[in-house]
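In the two assemblies presented below, chain A is common to both, partnered first by chain B and then by chain C.
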Partner chain A sequence: MRRIFWSWLILFFFFSLSLFLALSTGPVRISLFALSPRDQAILLHLRLPRALSSFFVGGGLALSGAVFQGLFRNPLADSYLLGISSGASLGAAAALVLGFTSPLAIFTGVSFFSFLGSLLALFLVFYFGSRDGYFSVFRLLLSGLGVGLFFSSFVAVLMIMAEEELKALIFFFMGGFSSASWETTWVAVTLVPVCVWIAFYYARELNVLLLGEETALSSGVNTKRVQAIYAVLAAFLTSISVSVAGLIGFVGLIVPHMVRMVFGADHRILLPVTFLLGGTFLILCDTLAKVVLAPSELPVGVVTSLFGVPVFLYLLKKERGEYGL
Partner chain B sequence: MSLPSRISAARVSAVILFGLFSSGCAPSPQPGERTFVDDLGYPVRIQRSVKRIVSLLPSNSEMVCLLDCERLKGGTRYDRFPEELTQRIKEKNLEVIGGGFDPNLEKIFEIGPDLILVNGPSQQRVTLPLKRMGFPVFSLYPQDMDGIRRDFLLLGEILDREEKARRLLADVETGLEEFRRKTRRSVKRRVYLQTWPDPMITVGKNSMSQWILDLAGGINIFKDMPFDSGKVSLEWIIQRDPEVLIFVDSQREFAERIRELPGWREINGVRKNHICFIEAAYLRRTIQFLDGVKRIHQCLFGTVA
Partner chain C sequence: MESNVVLQIHNVSFAYERALVLKNISFSIRQGEFVALIGPNGSGKTTLLKIILGTLIPREGEIRLDGKPVLSYPPKERAKKMSYVSQQLSAGFPLTVQELVSLGRYPHEGRFSQAAGDTQAVEEALRLTDSLPFRERKFTALSGGEKQKVLIARALAQTSYLLLLDEPTVHLDLYFQLQILNSLTRLCSEGRSTVVAVLHDLNLVSLFADKVLLLKSGEPIAFGKVEEVMNERSMRDAFGVEVAVSRDSQSGAVYYLPRRPQS
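Take a look at the complex of A and B:
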């Protein structure tokens, strides 16, 4: 227990540090303790929504990656496993190339249609992945593969039609928070915590599920229901994050593994720690993305792999077999 | 597949087979041929009287058309300039062979060009079969304004329109001189030029737009960005505080909105409502850049030069 207490303390320290860095770093010099009206505008309307978006998107992606890895018992699973990202890409590409605008003023065209596209993909994946109201995780996997490939080919057609829009589309594929505002942030700030709470609530059942479906059934866990809840939840988290920030690789794949290597595979600890670490990690990466190539910005997806992979490889080398590799 | 295209496919494959065996032992220039070195450094043998040109790049189509539009027989679906060219496409005197990366090779074969103008390295893959078939593929790939001038003169030489090329260039130079004389002033305006709103994309150091902004009397606030174009954040724009904001193409809605958005209001140019719009075409890579320069100048200083 002592170890867990200290780990939480360290995690919270890093979270606060990264938040502080994100809020105090930027082209305009701001002292957080003596704010002019201009500084206030920059802090409240630019840096704060940006930091919050990156936290909730990072946390959401990492959490959904952890859930998929547990659900499919596959270490290569990540948040984009079920082809949700291709639905989002199709929505974004349609909005950019065909010039769709959002019917709701609180969304931009790209985030509205990428959200819509990802929900459509989510629906189709679960529709084709189920039989008689039930679905097996492997059926779901194949259905996700099919739907993903199908949508991707439409994205390719749109990319051929694109001229000027192509660059914007490429930036969407690499993800980023450079135009984060409260309009793009509120979705993440409101919906992600709800999903996270549900995920924590069923964590014990997910643990039992990992022992095998038969064991789980015999200990009174409704396996089908738990699987369904988690699969929808993880896919929905991915939808939210893609509509807020485009595609950001690596977070959903590697962060859960890092946490497992250090904290073990108990989902009651794994899920919250993964969420917090994923969020912290993405805040840090976004802060780096702001400064590395200034005044231009790096896509945050590039930073996540550039700085995350060395840490991951270091942990991999240090791991002494407890992780079962 | 329709009959004509089946026939031409057969012809193409025959020529490709022939090409496979016959290439590699290129004889020296025949009488009536000249050798020119293209922008990739390849010596290319070209007929003395070039009559049928296919261009795979809008800026090359434009240059050919300025010199002698009749000889341009194939262009891309993106060709817009000069006006004469659009007219010729409408009248079907000029065939659209597709885009620069997805040209219809059979169509090019049917046109039977004696000169194919291409971009630099990025179009090499598409043009390999054309080279194999024995068509003279020539790369015009200017990197900057000097390159554009040089390539225009080279094209003039190839088309035997040297005089015209020189005259056109001289006209541009005179026009530029005149513009400079009229607009001689020490003040320069700090400009933010946005080519895309979400994410916000602007132009950097090596772009044609940067060059045009500079001539027009503006200072690109992101001229230290070491690429043609890149993503920036609002905070950087606030920090650089431009006096003028120029939006490319249809960003009127975006420009309307920013007046109400927090953050944007901190910018000098937004507060003074010094905002203009310009079509991307005026910022293209061309020797006819003066129109763009004049438009930007008018936006910056409110006076016509």
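Take a look at the complex of A and C:
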């Protein structure tokens, strides 16, 4: 218990630190302790939405990875491998090129169609990955690879078709938070916390599911319902991250593993810690992306890999064969 | 007498797509009995367990648990009455032994609360399976035999009175095969458990089971006491193996010694 308490404290410290750094760095020099009206506007309309969207996108990506890995009991599962990101990308690209708007006020057109795309991908992955209502993990992963490739090639077709918006599309998929505004951030700030709560609420069921579907059923878990809830939740988190920040690798696949290696595999701890660490990590990476080569910005995906991968590889090497790989 | 029947299997048939896997199976089990399912590979033993469990739905017939159709129970209520140990030894990610065994309390505990009975049940399950020495270790780092003990402990922690076990002793050494089965039969004789187990070792069946169901190609060949069901002829018919049956003069136990094939 003690160890868990201290770990939380350290995590919150890093979260606060990263938030402070994110708010106080940028092209304009601002002191957080003596704000002019102009500084206030910069803080409120540029830096705060940017910091919040990087936090919720990072947390959401990491959480969706942890959920997919737990659900499929496979260390390689994440929204990229399963083709869900490609579905979300296709939806977002279609909305950008064809100018779709959202029927719901909370979503932008891009985020709404990105969610639809991820749901379509999810449905196809399960449809082709299952037989007679049962699915095997490897069948699903292969089905995900197929669906993902198929959707990605559609995105390429859209790019060729969209001569005028080509630049916007390329910029969009490069990923990053430099164009973050309240309009794009709003959906993440309001709905990602709901997702975190739902994920945490069913964490015990996800633990039991680690023993396999039949054992989980025999333990009294309504497996089909829990699997459906988690799959839609992870797809939704994926679509939010794609619609806000384009394609960012590493976070969804690797952060959950780092947390498991330190905190263990109990999802009641794993899921909230993964969310907090993923979010903190992406705030830090985005801040670095702003300052390293200022005034030009690095793509945030480059920073996540440059700084995250060495830490991950160190943990992987240090791990003493308990991780079950 | 009818009152302490825990499980009734009535005229059950099952098919995967078109191939009939189980044909007209009927038997019932009383509280405290240890029933072994035996039969050649592919004779439908695991399928039968899954049908009893309610994860596979029979094409015909019905399973009654405590007098009610097994499929009529809500999942958690069913789990309080019946637990299951599959053949599978993997747990995906590195839970500790204690965490894994605690998962057996799922149908009992509240979402964010644990009762004293939960801890107690976990402790006893760890003790009965001799898993206390490695309770803090990661499940993924254990040997095959240790994993099997832990998975049995998880099912015991569920404190249901019907235990379904699919080959619970395959990964255990001789000592622990006897230990685990002895613990289970003791729970049965105390009236706390009823066991249905798929077993391959005829001598273990003879030592521990009260009753045996012998299956061949999905059909029940015989159901009854060990000595009535398992004899030279039935073993030849079911397995195609010549077996010498003898009695240990000291303990009175019946032993089955397979003979080497002739060709």
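Details
Throughout what follows, the second predicted complex is superposed on the first by the 258 of 325 C-alpha atoms of A that agree within 3 Å, B and C clash if a C-alpha of one lies under 4 Å from a C-alpha of the other, contacts with A are read in each partner's own complex, and residues count from 1 in each chain.
FYI, a contact is a pair of C-beta atoms (placed from the backbone, for glycine too) under 8 Å apart; a residue touches a chain by one contact, two chains touch by 3 or more.
Because the structure is predicted, anything quoted here is derived from the model rather than measured.
Contacts of A:Phe100 after superposition on the shared chain: neither chain B nor chain C is touched. After overlaying the two complexes on the shared chain, residue contacts for A:Phe128 are found with neither chain B nor chain C. In the superposed pair of complexes, A:Phe150 makes contact with neither chain B nor chain C. When both complexes are overlaid on chain A, the residue A:Thr215 reaches chain C alone and has no touch with chain B. Contacts of A:Lys167 after superposition: chain B is touched, whereas chain C is not reached. In the superposition on chain A, A:Pro295 makes contact with chain B only, not with chain C.
When the shared chain is aligned, chain C comes close enough to touch A:Asn207, but chain B does not. Partner chain A is touched in their complex by these residues of chain C: 17, 50, 53-55, 75-80, 82-86, 88, 90-96, 99-100, 103-104, 106-107, 111, 137-141, 151, 154, 158, 164. On chain A, the positions that touch chain C within their shared complex are 69-70, 73-75, 132, 201, 204-205, 207-208, 210-212, 214-215, 217-222, 260, 264-266, 321-324. Listing the residues of chain A that touch chain B in their complex gives 26-28, 38, 41-42, 44-47, 108, 110, 160, 163-164, 167-168, 171, 176, 178-179, 181, 290, 293-297, 299. If you check the complex, the residues on chain B that touch chain A are 78, 102, 195-196, 198-201, 204, 222, 224-225, 227, 229-236, 238-240, 249, 261-263, 265-266, 280.
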